[in-house]
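Only one structure is covered here, and it is reproduced in the block below.
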Amino acid sequence: MELTLLSKEKTREIIARRAAKEFKSGDVVTLGIGLPTAVANYIPEDQHVIFQSENGLLGIGKNTTGDNMDKRIINAGGICVEAKKGACFYDAATALSMMRGGHIDATVLGALQVDEEGSIASWMIPNKFVPGMGGAMDLVIGSKRVIVAMEHTNKGEVKIVKKCTLPLTAYREVDLIITERCVFDVTPDGLVLTEINPMFSMDDIKESVSADFIISDNLKYMDID
Amino acid sequence: MKKIVSAKEAVKKIKDGATVMIGGFLSCGVPDKLIDALVEQNTKNLTMICNDTSYPDADKGKLIVNKQIKKLITTHIGTNPETGRQMNDGEIDVELTPMGTLVERIRAKGAGLGGVLAPTGVGTIVENGKKTMEVDGKKYIFEKPIGADFALIYGTKVDRFGNVSFYGTTRNMNTVMATAADTVIVQADEIVDEIDPNEVVIPGIFIDCIVEREKDLETV
Amino acid sequence: MKKIVSAKEAVKKIKDGATVMIGGFLSCGVPDKLIDALVEQNTKNLTMICNDTSYPDADKGKLIVNKQIKKLITTHIGTNPETGRQMNDGEIDVELTPMGTLVERIRAKGAGLGGVLAPTGVGTIVENGKKTMEVDGKKYIFEKPIGADFALIYGTKVDRFGNVSFYGTTRNMNTVMATAADTVIVQADEIVDEIDPNEVVIPGIFIDCIVEREKDLETV
Amino acid sequence: MELTLLSKEKTREIIARRAAKEFKSGDVVTLGIGLPTAVANYIPEDQHVIFQSENGLLGIGKNTTGDNMDKRIINAGGICVEAKKGACFYDAATALSMMRGGHIDATVLGALQVDEEGSIASWMIPNKFVPGMGGAMDLVIGSKRVIVAMEHTNKGEVKIVKKCTLPLTAYREVDLIITERCVFDVTPDGLVLTEINPMFSMDDIKESVSADFIISDNLKYMDID
């Protein structure tokens, strides 16, 4: 059964807005391509979060348009962006050292599957969809905090599973899972459901997740406005 | 003083079957005129080492579309569907590798190291066929150095001593690739008389010859 | 925005027995005011990781003369006879290591690698007690990452975001040390509002706090 | 028996001048501290040899004095120098990568001992003289060509030996040995004497070298003017 209570846009907004709450001023954050990129739109103006990308920019600003576009300043998705005040450029060796070396406070990325041990699959469906891992494996293994921000299911297909069946991006590295329906903490005891979208019932969640999970004593409603 | 040559002249020594590293992240900081000359020359059976295969109609992507690549070692092919098609149809041998691992392998070659231990990919298929080692209770993959016969790289400004400086996000893998090939050819946006020694990013020692993009000898 | 503090304040958290990396090649590109503050504070039993022990009356050398160092990991002590004396008299534990190996060990720590294979020192006493590995018929020494509780580094210009740029031969080990310590303190010749993002050598992400040499808060 | 036919200054001049002949235009060369540094004085004006040092300078010029001195630009001996046109500065990771990675065409360094296999000892006399190796081990292992330029004996004590007894700097890496009395090529067959200072006899050489060596069919006189 596929629930279609939310538009694509609203789904993305709920996820991105929720993910944006995970940061504090001074944090250095890397956002994956696609949905995670939208997280930047929901960071409060007065919160100084610094965005990093593996193509060599610390201090990513807004997308640039028209005369402000400079093809020599892009983000990891190939989009021309602004370098904010205090930004710096560097090479791939430095970029990946930042990522793998534990210097990034948090990374937000999408996933094809996440499992109850915190393993994540995000870079290939054998013989079907093989974009490659780019810098994702380095990011996931190195970031202090790994946040998966993804649509709850893939057109009804369960994505939060007992054990990933697709090739992994990393084994046991995910800390938090955010979807439009709920939020899971990944703990040594397994997944803990901490927030639920009031538009969905506990049964909706149970039916759309094949992983075992614990319900938090402090279960809260997600902010969906 | 380094030789300044045309793009056409620069790629002439690249023969069928050569291994070529090409700098650039998508179409940013990529030696596009050198690639055009290599496409024009139509050298085949190349092994290409690069961050990605860009887009089908752009720079590195053209070498794929023109079927010049036999083996590809890269981190991401998602922006070029033709790479995926050739891979699925068995026309090209693709080795996908984490970006940090590729960078460190290239750097190791240039720095004379025998390899590095990377945590990236442990517990994934990246580990397959590779030696692993435990250090202080943590598992790592042993990654070997990788070099090339030629490196085609980009530089924003290059002086006659081969020193290179960059603007924006154009550095990407150009810096490490400059250290790890027998012959390193840099395509400069501009050749200048001198670069402030404090602003040099790639020391001239690593560069063999220079091609100037806008004033390419063949096109002027 | 990074904290700007006095040298005295910056070194306060360094307690007896801490491991401290200190940048500088002899007396060039060295955080001399941070060292003076550490001498003043008289913290003892330190492990010091540095390129050399400079001269007896200068920067790093003062920490030796003041007998604050229990263990020293370095590449050269020839310019400071007091280091040699303390070593011969068993007052200090000195580990001498090839410069490239020390740099790579520090870099490996900062870059999250489990170690590197170095060709340097094969067939010499550098090999003693270390694991060796053969790669493609060549022997290498397995060198482990090394980090520190604190890194005291030098920067010519530092902006309020922690970005660092350098003038002359002052970079030396400051760049790798910035990546490999829990707390990184940079002594700036000058704190500036902004550095051209193309001229930044150490990205601000690696820096924890800044001390300005000439306008040090305690001395103004 | 110690031969004292040559002054200290003349000895050094003969060695440095001979070593300077080993380069061609465009070569990148690293000179050790002490005697090897003097080699730079004998490079012909029109020959563009580039000097590199491990403290971060490619394109070392003359020593600077007076108002031209800048303590932020030094050579590996701590002496203030000029950065020539076309010079660049870099960090220790780059410097040592150049050296260890095979990017330096030649290095000239002194030695305590060199042996007939091309092994070199230059960084310590146990319990007596222990300056440390600095960048010397990386240089010797990585340079395309390793040239030892040293006084023939240490106050009469033999330095060109069958097998080094002092701790090694590198095993089998030396290509050429230059002293004020003679020049040896290090070959797979052993040491080959290629040049001799006309002030010395073959017996002088044999008595002052404990290594076995072959005399080249093309043995020449060294230029000592």
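Note that the chains are named A, B, C and D in the order they appear, and that numbering of residues resets to 1 at the start of each chain.
Following the convention adopted for this analysis, contacts are C-beta pairs under 8 Å (C-beta built on N, C-alpha and C of every residue); 3 or more make two chains touch, one makes a residue touch a chain.
Note that the structure is a prediction, hence the values are computed from the model and not measured.
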{"item": "Neighbouring chains common to chain A and chain C, by label", "value": "B"}
{"item": "Remotest chain, chain D as reference, centres from CA atoms", "value": "A"}
{"item": "Distance from the mean Cα position of chain B to that of chain A, given in whole angstrom", "value": "29"}
{"item": "Distance from chain D to chain A - Cα centre to Cα centre, in angstrom", "value": "57"}
{"item": "Distance from chain C to chain B - Cα centre to Cα centre, in angstrom", "value": "33"}
{"item": "Per-residue overlap in chain C, given as positions that touch at least 2 other chains", "value": "104, 107, 111-113, 118-119, 166-168, 198"}
{"item": "Overlap residues in chain A, where contacts from two or more other chains coincide", "value": "83, 89-90, 96-97, 100, 141-142"}
{"item": "Touch-based graph of the chains, sorted into line, ring, star, complete or other", "value": "other"}
{"item": "Touching pairs - complete list by chain label", "value": "A-B, A-C, B-C, B-D, C-D"}
{"item": "Parts of chain D lying in touch with chain C, wherever the complex brings them together", "value": "53-57, 70-74, 76, 78, 83, 89-93, 96-97, 99-100, 119, 127, 130-138, 141-142, 167-172"}
{"item": "Residues of chain A defined as touching chain C within the complex", "value": "26, 28, 48, 50, 52, 58-59, 83, 85-90, 94, 96-98, 100-103, 141-142"}
{"item": "Chain B to chain D touching residues, read off their complex", "value": "1, 107, 109-113, 159-161, 163, 179, 194-195, 197-198, 200, 203-206"}
{"item": "Contact footprint of chain B on chain C as seen in their complex", "value": "104, 108, 111-119, 133, 135-136, 138, 140, 144, 165-168, 198-199"}
{"item": "In the complex, chain B residues that touch chain A", "value": "25-29, 51-52, 74-79, 84, 87-88, 96-101, 103-104, 107, 118-126, 156, 166-176, 201"}
